[in-house]
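Pasting the structures here.
In the two assemblies presented below, chain A is common to both, partnered first by chain B and then by chain C.
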Partner chain A sequence: MAEVTLENVKKIYGRNPEVLAVKDVSLHIQDREFFVFLGPSGCGKTTTLRMIAGLEEISGGTIYFDKKTVNDLTPQKRNVSMAFENYALYPTLSVWENIAFPLKIRKWNNDTIRKKMEWVAGALQIGDILHKKPFELSGGQQQRVSLARAIVREAEVFLFDEPLSHLDMKQRQLMRAEIKRINKDLQNTMIYVTHDQKEAMALADRIAVMNDGKLQQVGTPFEIYENPVNEFVAGFIGEPPMNFLNCQILRLNDFFELILKKQVIAKIHQSRLPNQELFPQFVRVGIRPKRIQITNSENKKDALQAAVIVYESIGEKGILKVQLLGEPIYLITEPNQKFSKGENIHLSFPIQYLFFFNPETGERINLK
Partner chain B sequence: MANVVFDNVSKNYDDLRAIDRMSFEIYDMEFFVILGQSGAGKTTTLKMVAGIEPASEGTILIGGNPINHLTPEKRNVAMVFESYALYPHLSVYDNIAFPFHAPENRKSNEDIEHSVKHIACMLGIDQLLGRKPSELSGGQRQRVALGRALVRRPSVFLMDEPLSHLDAKLRNQMRKELKSMRKSFGTTILYVTHDYNEAMALGDRIAILHKGKIQQIDTPDDIYYHPGNIVIAQSLGDPPMNFLSGELSFLEERFSLRTKNLFIPLDFVRRQDLKSHIGKSVTLGIRPNHIQINTDKSVNSFQIPATVFVQEYLGDDSIISVKIEDAMFMILSTPEKRYAIDENVFLSLNQEHTHLFLSETGESLQIDSGKSI
Partner chain C sequence: MFRIRKIFDETMEQDVDEMKKSKIKLTGILRVIGLSAYFTFALTPIIWILMMSLKNHNDVIATPPKFIFTPTIENYKAITVGMKSYAFESVRPDFPKYFLNTFIIASFTVIVSLFLGTIAAYSLARFSFRFKEDIAFTFLSFRFAPELMVILPLYVVFQKMHLYDTFVGLILAYQLITLPFLIWVLRGFFEEIPREIEQAARVDGYTWWGVFRRISLPLVKPGIAAVVVLSFIFAWNNFIFAMILGSERTQPITLGILGFIGYERVLWGQMAAATIICVIPELLLAFFVQKYIIRGLTFGAVKG
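And now, the complex of A and B:
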C-alpha cells in the first residue's frame, strides 16, 4: 500500500538550468489509485515516471512514498515493479521462467509461485505460450509477458510505460479491461504512462494531462472530458477531437452573440456570463463532434449552412467533415447515413455544449 | 483508366503458398481495399500487380491485357509506399517531376512543367513547389508523394499502408484528405491496409484477405453487417464482435443456443435447413453496439444474465465488459450510466444484428452460399 506524492519536481537535461523537461510538477497519487500520465511525445510524462521509479535523477523537488522521501533511494529500495514499452525479456529463459524469475530471487516458495503463475497466465492470456522462448513470440505476446512479469510481483507501486503499444486493436481492448480489473482486485497503486487518450480515459481513476513539461490538469476521466481547464486539454481528448472556432462577441440587448465571420452561431444570455467586463471581445469556442446537431431543412432559420467535405461510415459511428464558413468542422453521427460530397446541411450549436477559451492564454472561461 | 482482373492467381515462396487461387475484378476507377493482418498476403498481391514479384500461377490483366510478362515500367502502374520517400535535397517541383527522369518517361521541359503544375493544382500544393520536404507538414508531404505517383497518369494506383506510420490524429486527418481527393485522381486504386477504419472509410469495396485467401469481397456496410465467416466478422469493429459458443438445439419449433447453463433463443434464425446442424457446436456473434444492457430483469423478453467485469468511461461513449459464463462480452453504451464491478446485469441482443456461425468451419449459417466467396 502506498501513496505517491510529487512536490515541485523538476528535471533538467544538460547544463542549461532554463531547459526543463519537467517543470515543477506537484501532485498526489492516492493509495490503490490507477493514475495515468497522458500527453504527446516529449511532454515529460515518461521522464516523470522514471523519476518515480528511481531510474532518473530528480533535478529539483521531492518525491515521497507515503511520508518517506525516496529521492536518493535506488529503484530496488523503492519496491516498485515496472513494465515498459520495450520488454527486456531474458532471451535464454522460457516465458514461464521469465515471469517466475523475480519471484524466485525473492525466495518465494514453489507453491505460491505456481498459483501466482496460473492466475497471471489466465488474466493476460499467455497460458499457451509459457514454454516458449521470447524469440518465438510476436511483439504483442512479448509485451504481455513483460506485463505479466511486472504484475506477479507484490510491489508497493506498479509503474507502466505504454505497456500495450505493440498489441493489435483487439488484444489491446482485452488487456485494457484485464489490467483495470487487476488494479481493482489487487488494490495496488498503479501509475501508467500513455500518449493514447482513449487508453487513459478507459483505465484511469484519475488522469494527469501534461504538455511541454507542465502539468495541465489532474482529474477523473469525466472531469477531463466534461470540464477541461484549458484548450490543450479540451483538444487532446476525444476522436475526432473538439472543434475550435475563433469568434467575436457582440452585445445585443440582453444577449451576447457569438459571431463567426459575420454570422451568428449562438447567443448567450448576459446573466450566464461570469464577469461581463472580463469577458474578452474575441473567444475560442469549442464544441465536441458528437454535440453538434444536424437540423432538418424545415427549421433552418437559425441554422448554419455547411458543405460536406467527407463522410465516413465506420461501423459503430459515422464521421462527417464539413466546411462551415471556411472552417473545417468534424461531427460524429449515427452510422449508415448518406451524405455526399458538396451537399449542404444545416447545423446548430447547442449553447449548453459550448466551451469558451481565452484566445491568448488558452484558459477556459466558465459560464454560470 | 483500367480495370484489374486476377484470374486464378497464386504465389508460392518455395513450399509456402502465400496467395492461393485469387480471382476477382477491380472495376475501372474503383477505390478497392484489401484488408488483412500482417502476413495475410496483402503486400504480395500489390507487388504482383506492380511487377515487383512475379505471379507463380494464373493471370493478371489490366484493361483486359495480360501483364504477367511485362516489366514494372511497362505496366503503367504507380506505387506509394508506407514511407513517402521524398528526396530531401529536391524541391517539391523536382520531387514531383522526378519520374520523368526515367528514359521511358522522357518529355520536353514544357510538358513536364505542364504536368507538374496540373497535378500540384489538383492536390492543392501549387503554392509549395519551391519548398524542400523538410519545410512541409506531414499532410503536405503526403500530397507531394501522391503527386509524384500520379504525375505520369498511371492507369492503376497502388498504395501500401500509406498512412500507417503517422500518429493517430494525423492518420485520421490524412484519411479524410485522401477520401476527399480521390475523385480527382482519375485512376483505379488498389489500397492495402491492416486498419479496418481505413478500409471502411475509403473503400468502394473491401476484400478481406486471410492466410493468402480472399474471404469476402463486398461494400464496407455489407461486410460489416453480413460477414460470411468468423474471420471476416472479427476483422471489423472496435471493440470487435463478441462470440458465445454452444450447441444448436431445436425445441418446440424454436432454435436455441445451449451453453453450460443457458438456453438462448435464436429467433432470428428462420432457415429450416439449419435442422441439419442441430446438435453441432455453433457460435453466436454480436457487435458491442447491438447489445442493450439492463439493470433490471425483464419479464417480457429473453435476456442473458451477466456480471460486470469492468467499465471504461471514454467521454463520447463507454465500454462495459461483462462475463457470460466464461465468455467476455463488450458492450458499447452511452457514457452516462455507471455500473459497479460484479454487478448483475441483463443483456438484450438486437436480433436483427445477431449472427450465427458453425464453430468448426467458422462459416456463417445465415448467408446464402454464393454470397460469400
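And now, the complex of A and C:
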C-alpha cells in the first residue's frame, strides 16, 4: 500500500527528443485509491503505467512511491504487481503454478501459499481450473487467472493494463463488478488503464483523462462528466458523445446570441459572461445528447427545426440522430417516444446545459 | 432370383464407390511412388556404402558390381583395432583417434556456440541497441561467405597465433559454421515469446537473468534441440576447415577417411566402414530428437 506521485514524467521513444509519448505528467495517487488512466489508444496511458511498473525507462521527471524515488528501481524491487492486457500467463505452468509463481519467488512457505491460493481461487471463482494449463482455458478464464496472479501478492501498488479489453460485453461487466469488490476488500492502491469510458466511470475513485501524451484532467467520474475542462474531455466521456456546434456570437443589446448558420440557437445575458473582451467571436458549443429538449409547439421561441435521420430504440432509452441545419446531432430520448425517418422535430438548447469551448485551444470557457 | 438381383445391386453400388475410391487410390499411389523415388535417391548411397563396407576388396572392385557376396567384418576390424588379417591390411589403424577428434571438436563447437549463440540471439531478439541489424547481418554473412575465401587468411592468422593444429583453434574456426545458424534460428524462437510473459515475470519478482533462465530458455527448448543437432551435424561433417587449419594431431574423420586413398590403391572397404561408423552418431542423435527437430523447424510456420 503506497501513495504514488508522478512529477513531470516524460517518455521519449527513439532518438528524437521532440517526439514525446508522455508529456510532463504530474499527478498524485492517494493510498488505497482506485485510479484510472483513460484515453484513446496511443495517448500514453499504458506507457505511463509501464513507467510506474518499471518496465519502461523514465526519460524525464520523477516517480515516487510514498516518499521514495523509484526511477532507477527494477520492477522486481518496486514491489508492484501487474495484470497484462493479453494475460501473459506462463504457458508451461499450470494455473495453480502460475498464480503461486510470484509467491514462490518470494519464498513464502507452503502453508501460507495454500491459504492465499484458497482465498484467491474463491474470490475469482477459479477453483475448478487450478490444475489446467493456460492453453486449455477460455479467454475469460485466462483473464481471471491473470487477475488472480496480480492480486495474490501483497504488493505496494496493483497495476492493471486494460485487463478486460479482450472479453465480451457481458463478461466485462461481470469482471468489472468483481474488480470493484476486490478493491474494496483489499483496500489497496490500484492503478487501472482503459480506453473504455464506461469502465473508467464504473470503477474509478478518480480518473485521469489523457490525450496525445498529455494529461487533460484529473477528477472524480462526476467531475469529469459534469465539469470537463476542455473539448477533448467533454467529447470523450459519454455515450453517445457530446454534440459540438460551431457558433458565431453576436451582441444584441444585453444579450449575446449564439448563431448557427444564421439561426439563433440560444441567448446568454451579458452579466454571465466572464470577460466580454476575451470572449471570442466564434465558439464551440457543446451539449450532451440527453440535455437537448424536444419541444412540441412550433411557434415557441428559440425552437429549431431538425429532421430525423436514424432512430434506435434500445429498450431503456432511445437514441436519435437528427440533422440540424446540416449538422448531425445525437439525442437521448424517453423510451416511449417513437420517431420515424424524415420526421421533423423541434429542439431547444437549455442555456444551463451548454458548454463553451475556445475553437482554437479547445479550452473550456466558463460562464458565471 | 431375388438373391441374384441383390448381389447385382450390391456390385453396382460397389462400382460407384470404387470410382470414388479410385481417385483417392490414385493420389495414394502417386504419393507412394514419389516417396519411394526420394527414398531410393536418399538411401542408395548409404546402402551402397554399407554393402561396400561388408565386402572384401576383390568384391568391391568387381565389375559388374556384386550384389550377392559373403559379408565380412574385416574392414571394421581393420580400422578399429587395426587387425592385419589379409594382404592389404589397414595402413591407418589410428581411426579411433580421428573419431575421438571429431567428437571433441564437434561437441565443444556446439557447446561454445550454444552458450554464445543463445545469449546473442536473445539480445538480438529483445534489446534494442545501435547497429543491431548490422550486427545480425554480419553474423549471417559468415554463413554465406564461401569458406575458401576466409580460410587462407585464417591460416596465416592461426599460424601466427599458434592456433594451427590445436583443438581450440579448430573449435574457434568452426564457430563460423555453427554460430550464425544458431543465432538466427534461436532469435526467431525468442521473438515468438510474447514480451509480456517476460515482463510479467519481472514484475512477479525475477531479475533479468532469472527471467531468461527460468522463463525464456524453457520456452525455446524445442528450438535449442533442433539447432544443437543440426549444428552438431554441420560441425561433424566439416572438411575444409579441418584440412587447412588442422594437421596430424587434430585430424577428424572427414580427413582421416582421405587417408584410405593410398599411394598404391584405394582401400574402398575400409573407407566405407569408416564412413558408416562416422554416420552412426549423427543418425542416433537425429533419431532421438527428431520430434523436436520437426517441431522446432516448423515452429514459426504452423503457428496460426
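Definition applied: the second predicted complex is superposed on the first by the 356 of 368 C-alpha atoms of A that agree within 3 Å, B and C clash if a C-alpha of one lies under 4 Å from a C-alpha of the other, contacts with A are read in each partner's own complex, and residues count from 1 in each chain.
Everything that follows uses one rule, which is that contacts are C-beta pairs under 8 Å (C-beta built on N, C-alpha and C of every residue); 3 or more make two chains touch, one makes a residue touch a chain.
Only a predicted model underlies this, so the values are computations on that prediction, with no experimental measurement involved.
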Partner chain(s) touched by A:R106 [first = chain B, second = chain C, both, neither]: second
Which of chain B and chain C A:R176 touches, first, second, both or neither: first
First, second, both or neither for A:I332, with chain B first and chain C second: first
Residue contacts on chain A - larger count, chain B or chain C: B
Touching residues (chain side chain C, partner chain A) in the complex: 194, 196-197, 199-208, 210, 215, 218-219
Complex interface listing, chain A residues touching chain C: 53-55, 74-76, 80-82, 84-92, 101-102, 105-106, 149, 153, 159
Touching residues (chain side chain A, partner chain B) in the complex: 168-170, 173-174, 176-177, 180-181, 184, 196, 198, 201-203, 221-222, 224-226, 237-241, 288-290, 309-310, 312-316, 319, 321, 332, 336, 341
Touching residues (chain side chain B, partner chain A) in the complex: 37, 168-169, 172, 175-176, 179-180, 183, 196-197, 200-201, 220-221, 224, 234, 236-240, 287-289, 309-310, 312-316, 319, 321, 328, 330, 332, 341
